[in-house]
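Each structure below appears as C-alpha cells.
Both of the next two complexes hold chain A, though its partner changes from chain B to chain C.
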Partner chain A sequence: MADIATQSTPEPVVRLRNVTKIYDGQHALRDVSLDVHRGEFLTILGPSGCGKTTILRLMAGFEGATSGSVAIDGRDVTGLPPERRNVNTVFQSYALFPHMNVFDNVAFGLRMKRRPAAEIAREVGDTLRLVQLEGFEGRMVGKLSGGQQQRVAIARAIINRPLVLLLDEPLSALDYRLRKQMQLDLKHLQRKLGITFVLVTHDQEEAFSMSDRVVVMNNGHIEQIGTPVSVYEEPCNLYVARFVGEINIIDAEVVEPGEGRARVRAQGLDVFMRAGHAFKAGDKAHILLRPEDLRVETLKDLAEDPELEDAFSRGRSIFGSVEETIYKGATYDVVVRLDAGGVVTATEFFNEDDETVYFRAGDRVAVSWVEGWEVVLPYEK
Partner chain B sequence: MRNDGFFKRAVIIGTVGWMAVFAFVPNILVFLASFCSTSSENFIEPGFSLHNFARLMDRTHLEILLSSLRLSGLVTFICLVTAYPFAAILARTRKPLRGTLLLLVVIPFWTNSLVRTYAMTAMLNSSGIVNNVLMSLGVIDAPLAMMYTPGAVVLGLVYTLLPFMILPLYAALERLDRRYLEAARDLGASPWRAFWRVIVPLTMPGIVSGCMLVFLPGIGMFYVSDVLGGAKAMLLGNFIRDQFLTTRDWPLGAAASVTLTVLMVLMLLLYWKSAARLGKEAA
Partner chain C sequence: MRTLRTVYAGLVYLFLYLPLAVMVAYSFNSSRFSMAWKGVTLDWYVKLFGNSSLMQAALHSLVIAVLSATCSSILGTLVAMALHRWRFPSRKVIRTSLFVMMMSPDIVIGISLLVLFMALSLPLGFWTLLMAHVTLCVPFVAITVFGRLHGFDPHVVEAARDLGAGEYEVFRYVVLPMVFPAVLAGWFLSFTLSVDDVIISFFTTGPTFEVLPLRIYSMVRLGLKPEVNALCAVMILITVVAVMLSQRFLKEKQ
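Here is the complex of A and B:
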C-alpha cells in the first residue's frame, strides 16, 4: 500500500514512524507509520484487537512503543508522560470522575495548570455552552444520561485546547439515534474548534460520515489510508473491500494486461476492465462489485423490450438465476446464483411506477454494471 | 419448597436467637449496669444515676481514654501508610501471584492472635531474636529494652490488625477503574496530584472501613497491652477488664464499655454517611 504520509504536508501534527508494540509477546502493532495532518478529522477503523486503540494510547502517552518513534508537533515524545503532552483523550467509557460534579470534571485540566479561579469559571461556562450543557455545572456526573456524560467528557478534554483530541470509540455506548446525532455534533464541533481529531471506531458508517481520512487497520498493521470515498470505491485489497460495506467478489483470470486496465475473463465475459495493479497474462484476479452498483433484469423483460436490452447490454452482463430476494425497507437485495458458479447480491430500489416488478426465486436474470465501476485486484488466497 | 421455607426460617430464627441471647441481652445488661451503683454486698445495686459517667470524666480516667485513643490512632496511621502501597501493588499484581500474596495476608488468621502475641515476646525480649541479631551484627552492645513499652504495644497491635487494613483497601483499589488515573494524567495531573485528587477520594470507602476495623479493636485489645505492655493499662480495653475482674467496679466498667460502644456507633454513622455520599456520586 502506498504510504500517504510521504506525500503529506511538511509538518504533521502527529507522526508515527515504524512503530511496533508488543504486549506479552504478541504484536499489537507491527511497523506502523502514520501522519496525522493539522486540523483533519482522522478515523482509525478496524475490528476489535486490530491495534487501533493501541495507536491512540501511544499518542496519549499511556503506552510506550516497543520500537519506532512518536512525534507530536514535530517533537519526539518518547518517554514523555501523558500530563506533558498537548493531547487529550475522550475515553470509551468516558472515565468521568464520579466524585466530582460537572463543573469540577470540566475544570480539572485547568486546575492542574493552576489557572486563576475566575478564568476557570469563565472557561468552564464557555465550554459547557459549546456542548449545550449550560446549567449542568452542579450536577453529579453519575446522574447524567449517556449522551450528557459523553458531552461532559468532550468538554473536559477540549477545554485544554489540545493540539489533537483523541476519541476512543466515544459513541459506542450510545443508542442508534443518539449516536447519529453525536456524529454530526462531533463533526460540527471539530470544524468550529479547528482541533485535529483522531477517532477510533469499528463502525465503518461512523468512520465514513465524520472523517476527512480513514485508516483501515487489520491485525496490527495499516491496510489502507484514504478519504472515505477512495477507501470505499477503491479498496486496495479484499480485506478492506469486505470490511467497509458489502461487496461481491467474482473470480477472474487476466488474459491480457494493459496500461491502467486489463482484459479479464470471468463468467463468460472477456472484456477490458479498469485495473490499477500490474498483472501478467494468466494471473488469477478478483473482480469486486458493490451491490448498489449492480443492475438486474429478467431475461424475459430484456427480450420483450429492445430499448432496455440495448441500454443494458452496453454494460457487461453475466447470467444467473434469482435465489431469493431480501426486503430491506427502502431497498431490496436480489441474490443471484451465477451460471458459471458463485453468488452475487444486487441492491435494487423499488420502482415507484411499477410495483409488480419484483424478482421471484428461479427467475432467469442478467446482471450488469456500468463500465469502470468494478475494481480488479490480484488473487488472494 | 416447603423444606426450603423451613430451612430458611430455621436459619433466620437460629441466627436471630443466637444474637439476641449472646449479643443483644448482654449489651442491654451492660447498658443498664452503667447507670447502677455498686456496694460491698452486690456487684450491682439497682438504681439510676449518671454518676459512673461522671467518674469517667475525671482526670485519671480521661487520661486513660485519651492515651488509648492516641495509641490506637497511631496504630491506625501506621497500618494505613503501610497497607495502602501494599494493597495498591496487590491490586495491580497478576492473578496467580496475587492469590499467593493475599493468602500470605490471611495466613496469620489461622493462628490464635493471643498465641501470636505471646510469640512476639520471643522476638522482642532481651534475649529475643531481634536483640540477638542486632548484637551479633554489632549494631548494639547491650540488649534493647523493647518489651513492656508503648512501642511494643503499638508493634503488637499493628502486627495483629494490619490485615484488617489491607483487605478493605485492596477491595477498593482493585475495583478502581484504571481509566480514572489515566484520565487524570491525560488532563495534566502529575502522578502525585492524580493520587490525591482522584485515587484517594475514590478509595475513601476502603480507607474509612480499614481505619475503623483497625482503630476500634485497637482501643479494646487488652491482651496485647497485657502481654507486650506489662502491668500498665494502656488501652481502654485494659481499663474495662480491670473494672470487672480486678477492681470489681462493674458499673464503672459498664459505663466505660457503653462509652466505647457509643464511640463506635458515632464512627460507623460517619462512615455510612461518607459511603452513602460517595455511593450516590458514583452511581
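Here is the complex of A and C:
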C-alpha cells in the first residue's frame, strides 16, 4: 500500500522553493531550493554557519522563512507550528527531558497523541529494542552515557513514525569509535524503517559513508547536490572540491575548446582533457586531481623500464622533485614541487615487497594520472 | 599554613554565630534578670507556649508567611516565565526593576506602601500586610526561577513541541516539572523573608493584626526577657530547616 503510494507520487516529501532567511540583517539562507525524495538518506554538508541547521529548523517548523515556501508531503506548511508537522528532530544536544526516565522520554510523542497506555507500552518496548536499549526503561536519562542518550533521542523521534527524520549533527558529541558505529547503526535503521532521513553535518566522511545524496552548502546557498561519488569525483567548483577532500589544483589555460573536452596547456603539457564546462580559447582554468589518483615514478626508474615509461607517457606526466614524504599509516603522501611552479601531493600505497618509503627528498620524478580522471574547471580568483 | 586557615575559618564562624549561640544558651538559663548563669531550665519555653497573645501573633505570622510565600511563588514564576519566553520591549526594564526591588531598603518599601495604602484609604491590617509581603517576595522568586530557566537547554522546549506538545502541554509536562525545584526554593525563601520582616510589617499592618516580629520588638522595649530568647531560638530552628529544605530542592535533579 505504502509502496504503491510512494511510486505513484513522484513529488518530493519535502520541497523548499526559493527560501531566504534573514537573521538580524544577516542572510542565513539565500534563495535555496531543495527537494528531498521519499525514503532517501540526504545529508546537508557544510562548515559551521553555512545555513545547514537553518534548513533543518525551517523543515521542523522552529523558524519561518523570510521569503519562499516550504512544503511537506505536497502541502505548504508555512505558518504551521512544529507540533502539527509530521516530522521529528534529533537534536545535537539530544534535548532529552531531564526529569523523565527513558520510558517517559520515548513515550512522550505517543502520549501527546493520546494513544492508549497498552499500545504506548508495546510501542516503546519495540522501539527500545530497535535501538538496543531494552531494559533501560526505568533509568533517568541523566545517568546514561552519551551514546545511550543519543539512542534515546533517536527512539523518542522514530516512535512517531515521522515522514522525515531530521538529524542535527547527532554524532558530533560522540568519540571516534562510537561515532563510526552509530553511523552504521543509523544507516541500517534508515533502511529498516524506510523513513526519509535528513542529516546535517560538517564531516564529509560521515556524509559520504551514510548518504544517498549529499548537499554541499556554503555561506547560505547550495553549491552542489549529488551522490557522494559524483560530489567527490565531479565537484562543480573549487569550494566543493576542497571541502569534500584533499585536492591538487594546477593552473592551466584553454587552448582549444571542444565538445565535452578541451585542449589545455599547463606545466609543459598540451593535451586534450575532459571538460564539462563551455570554455573559450584563452580562458584560464584549473585542473583538479585527487592525491590518490596521481602516480609518481622516479625518472631513473622510467629510464630503466621502457614499458613503464610507455605506460606513463600515454597518460600525461609533469616533472618535478620530491620535497618530502609524509607517513600516514596505511599510505604515505609524496609532496612534489613541480618544475613549472606549484606543489602537488600524491598518495601512494606501500609496495607489497618493499615496506619502506620509496621516495627520497630531492628525487627527480614524473607525476601522471589516468586520462579522464582529471576535472577541468573555470578559473576562480 | 593549614592551621592558620583553620583558625581563620573558625574566627569567621565565631563572629557569625557566637551571638546566636549565646542567645540560645541564655534561653535555657534559669536566672530571670541577671546575665549570670544559674543553671539549666526549660521554664521559658513552657512560659512561651503558655503566652496566648504571643502564640496568637505567632499564628498570624505563620498564616501571612504561608499565604505570601504561595502568592509570590505563583506570581514570581509567571514573571520569570514571561521574561524567559518572550522578547517584549519592557523586558529589560522589568528585569532591572526586580533587582532594584531586591536591593532597595525595607524602610523605603515600607513607607512607600504605607503612602499607597493611605492614598487608597485601605485600612491597615491583614490584607495590606499580605500585599506588602507579596511585594517584598516576588522579586526573589522571579530571580530564582529565572536563573533556573536560563540554565536549561532551550532545545528541550523545542523537542517537546516537535513531539506534538502544544503550548499548555509544554508548560504542564516539561517546563513546570523542570522549574519546580526552583519554585519550591523560592517558596521557602519567601517564607523566611516574611516571617522575620519587621520594618515593612511595622508600616503596613495595624493593631488588629499583630505579627510576631513586631510583638517581640515591643516586648524587648520593656526589657530583655528570657521568653524572647526562647522564642528566637525556636525561630532560628524554623529558619535553619527552611533554608536546608530550599537548598535541597535547588540541588536536586541538577
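The criterion applied here is as follows: the second predicted complex is superposed on the first by the 368 of 381 C-alpha atoms of A that agree within 3 Å, B and C clash if a C-alpha of one lies under 4 Å from a C-alpha of the other, contacts with A are read in each partner's own complex, and residues count from 1 in each chain.
Operating definition for what follows: a contact is a pair of C-beta atoms (placed from the backbone, for glycine too) under 8 Å apart; a residue touches a chain by one contact, two chains touch by 3 or more.
All figures in this text were calculated on a predicted structure; none of them were measured in a lab.
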| item | value |
| --- | --- |
| Side-by-side fit of chain B and chain C on chain A, or clash | clash |
| Touched partner set for A:215, first chain B, second chain C, both or neither | neither |
| Which superposed partner A:171 touches (first chain B, second chain C, both, neither) | neither |
| First, second, both or neither for A:156, with chain B first and chain C second | both |
| Contacts of A:198 with chain B and chain C, given as first, second, both or neither | neither |
| Partner chain(s) touched by A:95 [first = chain B, second = chain C, both, neither] | both |
| Common interface residues of chain A - those touching chain B in one complex and chain C in the other | 60, 62, 81-83, 87-89, 91, 93, 95-99, 108-109, 112-113, 156-157, 160 |
| Complex contacts: residues of chain B adjacent to chain A | 177, 179-180, 182-191, 193, 197-198, 201-202, 278, 280-283 |
| Touch list for chain C against partner chain A, complex | 153, 155-156, 158-166, 169, 173-174, 177-178, 253 |
| In the complex, chain A residues that touch chain C | 60, 62, 81-83, 87-89, 91-93, 95-99, 108-109, 112-113, 156-157, 160 |
| Chain B-touching residues of chain A, taken from the complex the two chains share | 60-62, 81-83, 87-89, 91, 93, 95-100, 108-109, 112-113, 140, 142, 156-157, 160 |
